[in-house]
Amino acid sequence: MTLNVGVIGVGMIGQEHIRRLTNVLAGARIVAVSDADAARAREVAARTPGAKTYATGEELIAAAAVAAVVVTSWGPTHAAYVLAALQAGKPVFCEKPLATTRADGSAILDAEAALGRRLVQVGFMRRFDAQYRALEATIASGAIGAPLIFNSVHRNPSMPGHFVSEMALNDTAVHDIDISRFLLGDEPVAVTVKSPRRNSRGPFEDPLFTLMEMRLGALVTIETSVNIAYGYDIRGEVVGETGVATLAERNPIVVRSQGAFSGRVPADWRERFNDAFDAEFREWLAAAAEGSAAGPSAWDGYVATTTSEAALEALRSGERVEIRLREKPALYG
Amino acid sequence: MTLNVGVIGVGMIGQEHIRRLTNVLAGARIVAVSDADAARAREVAARTPGAKTYATGEELIAAAAVAAVVVTSWGPTHAAYVLAALQAGKPVFCEKPLATTRADGSAILDAEAALGRRLVQVGFMRRFDAQYRALEATIASGAIGAPLIFNSVHRNPSMPGHFVSEMALNDTAVHDIDISRFLLGDEPVAVTVKSPRRNSRGPFEDPLFTLMEMRLGALVTIETSVNIAYGYDIRGEVVGETGVATLAERNPIVVRSQGAFSGRVPADWRERFNDAFDAEFREWLAAAAEGSAAGPSAWDGYVATTTSEAALEALRSGERVEIRLREKPALYG
Amino acid sequence: MTLNVGVIGVGMIGQEHIRRLTNVLAGARIVAVSDADAARAREVAARTPGAKTYATGEELIAAAAVAAVVVTSWGPTHAAYVLAALQAGKPVFCEKPLATTRADGSAILDAEAALGRRLVQVGFMRRFDAQYRALEATIASGAIGAPLIFNSVHRNPSMPGHFVSEMALNDTAVHDIDISRFLLGDEPVAVTVKSPRRNSRGPFEDPLFTLMEMRLGALVTIETSVNIAYGYDIRGEVVGETGVATLAERNPIVVRSQGAFSGRVPADWRERFNDAFDAEFREWLAAAAEGSAAGPSAWDGYVATTTSEAALEALRSGERVEIRLREKPALYG
Amino acid sequence: MTLNVGVIGVGMIGQEHIRRLTNVLAGARIVAVSDADAARAREVAARTPGAKTYATGEELIAAAAVAAVVVTSWGPTHAAYVLAALQAGKPVFCEKPLATTRADGSAILDAEAALGRRLVQVGFMRRFDAQYRALEATIASGAIGAPLIFNSVHRNPSMPGHFVSEMALNDTAVHDIDISRFLLGDEPVAVTVKSPRRNSRGPFEDPLFTLMEMRLGALVTIETSVNIAYGYDIRGEVVGETGVATLAERNPIVVRSQGAFSGRVPADWRERFNDAFDAEFREWLAAAAEGSAAGPSAWDGYVATTTSEAALEALRSGERVEIRLREKPALYG
């Protein structure tokens, strides 16, 4: 009943997932790790009872001891590992991005479709967040009528030194792009990016305001403010034909002091999405134990990559850019 | 269509009412003022075009030019002026307390009942507050079932130097006592006062926690915290058989900054009840113009005085004190 | 101290203003009315003690008895009346639109500038709303840093039969356009209008999503959903460099019942902006009594007209349309 | 690293804990079950891979395979099992009540104190709830000054057929009693119970209003409304010298529809405290693995029993009842 998991790439996020699979959730055992930095791999293995170090991700994937794979290495390496896992017939959890080029994403779709069953789960953790699930359930219930507009707001207090404007689209907004598709049950057809007055706190274009048009006509707006100081604030609102549904404040207590009442804004993504990560891996473990995958699929990863590519082009050109998706393999429903 | 008003007692609250009747509301003209401090009366009259000074409240009440009277003098003088106004057959608005003894309150009831029509309105402005009115309407609608408990919270940031513990009952909680009766449509039968751990900020017993039992059995709890620093905070919650209704936050905007979202708590009673005072006098003017009175009656003033007297005894004795009301004259329904 | 006011156009909104100036606010007397429908003018005058009927707006403006003018006639007639009032040197309150063409608006600017002092106040009541004022004060305080994005949401439950899509811009969004300028202290330079998936409840394009670019680079987004069933909902959020300020819920009580807590959304503009209308006219009366005007000026009216003209063109063309404002007369600061 | 756990009493709550320890949390394995109903024990064991059935709780405790014990049997049996576990030197998690008489509770204190280390953890899950922890941290931070009043509200939508009024004190309010001590860091000295107007929905006294006085003088009020229809609503507010801290709404999304905005109230204790139960057992597993216990101790269980006994007497007598606690063994700090 315990799944033997190998982890490729044991940097910050990889170690976080190891901690979760080891100390928090029932049903998993870390049996293998690998990393481009061999010393780091050894170090992490030493702290993880039962974990063996593998020289390469490919060897780890091939190892008989490994029943399922977690890919948390550097983004551009993801696609190759996922393809290898598919070839080995092993369930694979891949952090976003699934692929950094449309071509790579498409190759994964072909491989999985050829296999005829899902093995790939992409790390869009918002789909497991209780608030987004309630939002989705409300839309599905008809309580607000057909959805016409979705406003998604993604705010970070600050960004590390290597941050560049483009990352606000392919690293930040990519979560908003995916959750839009989840909530609206629809695919994007075009994207425009506006660059408002620049926040003087940063050396990069910020905020960005992205408009995404969906097939059924719904409009998605995405504000990315990645240097806004006050907190990590994820907000979302669906405007329907007869009503509106909005993510509520997440805050444990209200304090009345010095002329004000106040509540807490999360400090970072760990605080905000900790429970969603738990749920994400809980569902992955359950699915992987049966040789399958849950939640966001390779198709979702492919669309996210294709859309953020288009958004980058829209930012550079200042024009509306159409999004051309390949045909969706039947496997993805 | 314009009502000629005389004001007895032109201290802070009297001047505030003059301002309101002169500059804010349609339908009134201040034609007379009087004050124990004759110099102050002259000063205020000088700033109020059309206002004449009278040596005593009794002369003001008797003056032909005065069609209606506002009593905002020192509390212990209220009853005599109200009785004089009743004798003169003139509508009178009297700030709380209507009377400082049950006997005086009772005398007013007799006089007004003998007259056979209401001329007295007591300054319990909460009854004109939009939030309390919504609370009352919700109870009346049956949306929460029969009311079983009413929790009333009355918090002041600080008190002036002459404040003594007793005032938390007969000056502060008296508003909560009155609004309880308004909301529950019922009369008090007994009162108990608890004196919790003392706030070290003040030289007096604070907070106090008053329990008031109503005829139909509903329990009223009143927290008075008169030295709580953070703001002027009036809260109320009615617990019914199937639901609960609560006064909402009053706050214009939510600010997200420095790790928190926050809103404003009112600084003082002027900010909190400004609109209620407007409505109170608007309704008084309309009623007085027709030789009548609106809202809280002499009976309400009598019960408030009787109940806060009982609460004082309960505080001193530490015992539950029964409240014995005289029979209610038919005039008060 | 009482201002003699004449009202041109006594339909629904004109009558509402007469009621307010007569029964609610201190300091005004309605002495004159006129209307394209003479019978209606006579009817309203009959119900308004002291009011005389005039055959035309021009005669009303010229009448010696009239000290200040309120224009609430049909939109296309506004400009001519305002010009006449300017010529007569009388303070004039004009409901929006100030003018239905840029040329007319510009003519008013010239006339008032030539006069050398403000006499015109335009009916953008939001500028007197306590919530918008708190929003403006928060921006001015620096608490959220320089404003970068303003999201304005304007939702109506339904529209009358004669409604056409264009009105969502020049009748509805015009309020959002004006308040954006007030909050940001800046002028628009370009506008784009997106037409999302159409609400199936209506026979017109709805919702519309307008993007307005400001001189300093701030981006304004305006959602107009004029047929959204659930209520009249005005929302606004300013995103700054270090924080965010948002209009709070307006709701008197929270009810807990049947598995939910809930509060009220205003039913219509009267409920939502009643207090703002009071404040608007209170400030107008004070200014007009001194031969001046308060709040939104003819320049504000001119920019609103010019911008909504551009928005209409943007809707029709699907293109970004630049807004070319004439030079601002020194009178307007 | 995996703890071998035996569960005594596998009714609803026992099965819920088995599920949690098996499917949700890392670090435990259910190896033994027993139940007064032997058939039920076999049934549950059959569904729990690796679990063996024991005829009695005592045999289960004594079994070498069992490293730690969970007691979820009928309340009156708890004390004997806890004493047996102490004798066996095995960590034991005991659902409340620790004991149904003060004498039994006291015997446990003696046994554990003699042992010289904590092995007992009592199931007051609120102490692991993120909201109560934030409340406690805010008090400790000094942000609201010394705590003077704590208002605790405990509402259930309805009660099963066997419910009697007393249970509102020893089964329901016992949680509020315990969390008051946790938040205030203080012990109760006296208790009074008021029985307000009776909810006509039920055949028992409801609601009850309990006043608990603490050693340092803080006042605790506990409303238990166990038949209030609208939901499972746990509320709490600490009034300090300079501020107030309140449990916030727990609700994922706000829906605007049909004239209202609304959010969800939890349906039952499972929904409300699911995460707290997870945290409670996560901390228990960590402590038990080291032969210790976390969170609420036998002393906490003893005080809860003693206080609810006093509350029952207060309800029956209508009088204020003093609470006489034995001396606190040094083990409990």
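Think of it as A, B, C and D in the order they're written, each chain with its own count starting at 1.
As a convention for this text, a contact is a pair of C-beta atoms (placed from the backbone, for glycine too) under 8 Å apart; a residue touches a chain by one contact, two chains touch by 3 or more.
Because the structure is predicted, anything quoted here is derived from the model rather than measured.
*Asks:* B-D or C-D: which has the larger count of contacting C-beta pairs?
*Replies:* Pair with more contacting C-beta pairs, B-D versus C-D: B-D.
*Asks:* For subunit A, which other chain has the most distant CA centre?
*Replies:* Taking each chain's C-alpha mean as its centre, the farthest from subunit A is B.
*Asks:* Counting only Cα atoms for the centres, state how far subunit C is from subunit D in Å.
*Replies:* 58
*Asks:* Report the inter-chain centroid distance for subunit B and subunit D in whole angstrom, where each centroid is the mean of the CA atoms.
*Replies:* Using C-alpha averages as centres, the distance is 44 Å.
*Asks:* If I count partner chains per residue in subunit A, which residues reach a count of at least 2?
*Replies:* Residues 229-230, 233, 242-244, 249, 251, 256-258, 263-264 of subunit A touch two or more partner chains.
*Asks:* Touching residues of subunit B toward subunit D in the complex: what are they?
*Replies:* Residues 145-149, 151, 155, 194, 196-201, 207, 209, 211, 214, 216-219, 221, 223, 225, 228-230, 233, 239, 241-244 of subunit B touch subunit D in their complex.
*Asks:* Subunit A touches which residues of subunit B in the complex?
*Replies:* 229-231, 233, 249, 251, 256-265, 267
*Asks:* Which part of subunit A faces subunit D closely enough to touch in the complex?
*Replies:* 1, 22-28, 49, 130-131, 133-135, 138, 143-144, 242-249, 251-258, 263-264, 275, 282
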